[in-house]
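The structures considered in this document are given below.
Look at the two complexes coming up: subunit A is in both, with subunit B in one and subunit C in the other.
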Partner chain A sequence: MSASLGAIFGPGFFGSAPVHAALAGGAIVAVVTGAVGLFTVLRSQAFAGHALGEVGATGGAVALLAGTSPLYGYLGIAIAAGAVIELLGVQRPRARDLATGLVLGAGLGLAALFLYLDTTASSTTGAPVTVLFGSLFAVSQSMLPEIVVLSAVSLAIVVACYRMLLLSSLSADLAAARGVPVRVIGVAYLVALAVAVSLAAATIGAVLATALVIGPPASALRLTKRPGLAVLVASVIGIVAVWLGVLLAYDSFYWPPAGTGWPVSFFVVADVFAFYLLSGAVARLRQSARRQRRAREVADVAGG
Partner chain B sequence: MNASPAALPEAVLGVDGVSVWLSGREVLHDVSFTVHAGEFTALIGANGSGKTTLFRVILGLLAPGAGSVLIGGRPRARRNPMIGYVPQKVFLDPDMPLRARDVVALGLDGHRLGVGFGSRRRRELVEEMLDAVDAGRFADSRVGYLSGGEQQRVLIAHALVGRPRMLLLDEPLANLDIGAEREVVEVLGRVAREQGIAVLISAHDMNPLLPYMDGLVYLASGRAASGTVEEVVRPEVLSRLYGQHVDVLRVHDRILVVAGADERLPALAKQAGLEPGAVALR
Partner chain C sequence: MFSGIMTTTWIAATMVALVAGTVGFFVVLRGAAFAAHAVPHGSFGGAAGAALLVGIDGSILGVSGTIVGLLVFAVGGALGIAWLGRRGRHDVATALSLVVMLGLGLLFLSLSQDYAPAIYSLLFGEVTGVPSYDLIPMAVLGAACIGATVLLYRPLMLSSVLREVGEARGVRGHRVETGFLLVVALATTMTVPVVGVLLMFSLMIGPAAGARCFTDNPRTAILLTVAIAVLVVWIAVAVSYLTNWPIGFFVGVSGALVYGVGRAWTAHRVRHAIPDGGRAEPVAELA
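Let's turn to the complex of A and B:
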């Protein structure tokens, strides 16, 4: 028994402080991205979410230059980019996509500049990799309070606006008719999204952040027709994906090429994708089971 | 219908001399009509005749250049709880994780802060509205998977659940097949009668509404005529509205309004021994 457990959990897994911080920080972020990400999917804002994450790389790069926590860099730039998208802010979907794409392009240009300055200013050549692709193991115990506070802010926005978000995601016209301040809700949501994406960027990297924001909610939506339940399922999928990623990354230390280990972000994103495929398969199985049951009922009625 | 003039109910909606200019063009000109509690009124007009503009004025989203609108005896206001509104072309995404009953519940408190844990009172009210529109059978289905007619009924329940005095529906029959069309109109007729709600529904074709409607407002080039079908849908009234000659043809209890036809057409048709409808349709 202990031998098989030992094969799953590499030696020292449960005693390692970086693992503890990664598991705790990752779980908190997974809950936030699950709740916030549900509406990203429902509002078809995956592209905006992705743009906020990638543009955040600029902030991460500047923060490294300034020697502060990259989390604040991601956050500052993501909120600024969100504001610019909203200001350029066209409500028509295509024009909005264009505004988002242009902000993304400009932001990434700045990221290229600051990441280059990072590599020349210090001897750390790993800056681009750290900022763009992150590492959960870089989340330290000291960062946890910040993560908790930011998570609370993002979650508070979504909880406060929950019903208005649902109605305006269902139909902006319907929401406006019911007296929902659609524009204000949209801006509030963009702030919550910027915070959630920054948290995800700090844990699995600016480029990969979207995977955690839209992957688990998209999977959850295939499995349930209740919004509250979808948030719950998305959070659980996110937590499992992150924890499994941490475990695999820890164990990969013993995989070839021996002694280096694979990046944890790779595993997290791979898990998220695997869950998405899995949820599709489960949804299909349930659908065909339902169809068979209905056919049987019809046959029973006809036979009886 | 049975009361003396003194007992006539107060008008739920009173539109009086409303004119609207949009970017220098007069979209509505001196439009007046009233709708009473329990009345089913149709707002008929082609695309661009000003139906949606008139709705925006009633909803308080657009200020008229002239005239007044009274709702329940009070001036119109934004977010008026006395009006239940169903916008046109509402697209309900199949991916939306909401059941029909959730959409109805959002009509009650979708504008409130917080998550909202359902009380028993709320559940009962939602159930009652679902029954009122015959939506009990699919109350637990994902709303995006429902047919167009079923979705329209859910949206009506969504608009009704806040207990408005008036229901405003913008082209609810667009893109529905004939069966679904009849179901929706039937439900609306019943809601008006049983709940005493004033129903104002816009449509470009009056025929599906004929069996249920008490009166109509006919809009053409920004001008309106209102009253019963017999009073309004007459060649001389509609010709005045359109500013050109218009024929009204009745074929199997259906009414066809044919604009721009030659004034001599009916006479010519009679000469040729043809039904007027046949000429119009050719």
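Let's turn to the complex of A and C:
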């Protein structure tokens, strides 16, 4: 028994402090992105979700230049970018994507400049890769309180506006007719999204932030139509994907090429994608089972 | 600025602008900004994979490995978006294709452990990033892009502006979508080595979004888009050469500037519109 467990969990897995921090930080981020991301998927704002995380890299680069904590750089720029996207005030989905893209382009252009200045100022040549891609193992124990507080802020916004947000996500016209301040809710939601995404981007990297904001909620929505349950399912999928990723990355230290280890972000992304394909297959199976049952009932009625 | 290796750069940059402008018009018309961002960004993974296989300066079949890697990943990403998008939400399909490609890119990157400046110039572009032997493959890809856009012009216009009418006329929306994504993939492959994976889409959407504010006629808009794109790229190359700052910075910021000028112009025109009733609704606004 313990031999087979030893084969799954590499030696020292449970005793390692970086692993503890990665598991804890990753789980918190997975819960927040699961809850916030559900509305991102419902509102078809995947591009905004991705863009806010990536634009945050500009803030990361500035913070690196100024020598402060990158987390606040990410946060400041992401909230500013979210405000600009909303202020451009385009409601049609196509034009909204365009506005998002142009804000993202300008942000990335600035990121290019600041990263260039970073590398010339301090010859930290790894800066672009660290800022843009990140690693879960970069989460330290000391960051955990900040992660918890920011997660709580993001979740609080979503919980406070839950009903209005849900209605305005499903049908903006209906929500407006019932007196929901759709614009205000939209801005509040973008702030919550900016906090969640920049939290994720700063701790686990922009790639993983997009994967966690979009993947688990989209999978959950294929499995259940009930929004409350979908939040729960999305969070569970997110946590499982992150923990499995951490475990595989830890074990990969013993895989070829020896002694380097594979990046944890790769494993988490692969898990998230696998869950998405799996949920699609489950949804199709269920649909065909339902169709067969209905056909049988019709046949029974016709036969009897 | 105009000698030696820079001649190659000027030729490459001009070709890049021609292709990005032509394709970009349809990207904006179709509201495909996310796909136009995801395909180039994700193709970074292909370049990293090529670097792992043959080294950062290696070549495959006489073409530089970077171009082959970009091509494989860009086409794969385009097909992935089209395939996943058929069964699920389009933006979710785009986001997931992007992160899968980037995840693979991270893996290749960590396995090959290349030196960081090469990765940086791939992400944000480099003025002297194109070796002269890549000009011919780039020209072939660029010609294929523009040729495909000309061939697809009518179905693309129809399915972008009046999707239902297009379907009624026998334009298959999904096939046009897949074909268009493949054109974006080809455009990506040839433009990325100059502008970089992150800012390539800015060159596609910035000039096109600006041009739309100045004219209602699609053909005029395409010509104007191409002209603005060429101007933006030339200025970016020149200033980047002089200051040594990354070319992506100038491309990204000027893309947003062009759009800002366009929006200001539209606002100005609406405010001072003579009530002659002669101003038709812009075609693109129907979208």
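Basically, the second predicted complex is superposed on the first by the 301 of 304 C-alpha atoms of A that agree within 3 Å, B and C clash if a C-alpha of one lies under 4 Å from a C-alpha of the other, contacts with A are read in each partner's own complex, and residues count from 1 in each chain.
Everything below uses one rule, namely that a residue touches a chain if its C-beta (ideal position, glycine included) is under 8 Å from a C-beta of that chain, and two chains touch if they have at least 3 such contacts.
A quick note: this is a predicted structure, and the numbers were derived from the prediction, not measured.
On the superposed subunit A, the two partners subunit B and subunit C both fit, without a clash. When the shared chain is aligned, subunit C comes close enough to touch A:269, but subunit B does not. In the superposed pair of complexes, A:180 makes contact with subunit B only, with no contact to subunit C.
In the superposition on chain A, contact of A:116 is made with subunit C only, not with subunit B.
Residue contacts after overlaying the shared chain place A:50 against subunit C, while subunit B stays out of touching range.
Of the two partner chains, subunit B is the only one that A:162 touches; subunit C does not reach it.
Aligning the two complexes via chain A yields an angle of 80° at the C-alpha centre of subunit A, spanning the centres of subunit B and subunit C, rounded to a multiple of 10. Here subunit B and subunit C are compared by how many residues of subunit A each touches, and C touches more.
By the touch criterion defined above, A:171 lies against subunit B but remains apart from subunit C after alignment on the C-alpha atoms of chain A.
Legend: residue contacts after superposition of the two complexes on their common chain; A:34 is shown touching neither subunit B nor subunit C. Closest C-alpha contact of subunit B with subunit C, superposed model: 8 Å.
Once both structures are placed on chain A, subunit A residues 41 are touched by subunit B and, in the other complex, by subunit C.
Of all residues in subunit C, those touching subunit A in their complex are 28, 30-34, 36-37, 87-89, 91-92, 94-96, 98-100, 102-104, 106-107, 109-111, 113, 115-117, 119-120, 123-125, 196, 198-199, 201-202, 205-206, 209, 245-246, 248-253, 255-256, 259, 287. Looking at the complex, you find that subunit A touches subunit C at residues 41, 44-47, 49-50, 93-95, 97-98, 100-113, 115-116, 119, 125-129, 132-133, 207-208, 210-211, 214-215, 218, 222, 257, 260-263, 265-266, 268-270, 272-273, 276, 280.
Residue ranges on subunit B touching subunit A, taken from their complex, read 59, 78-79, 85-87, 90-93, 95-99, 102-103, 106-107, 109-116, 142-143, 155, 158-159. Only residues 41-42, 159-164, 166-167, 169-171, 173-175, 177-180, 221, 224-230 of subunit A touch subunit B when the two sit together in their complex.
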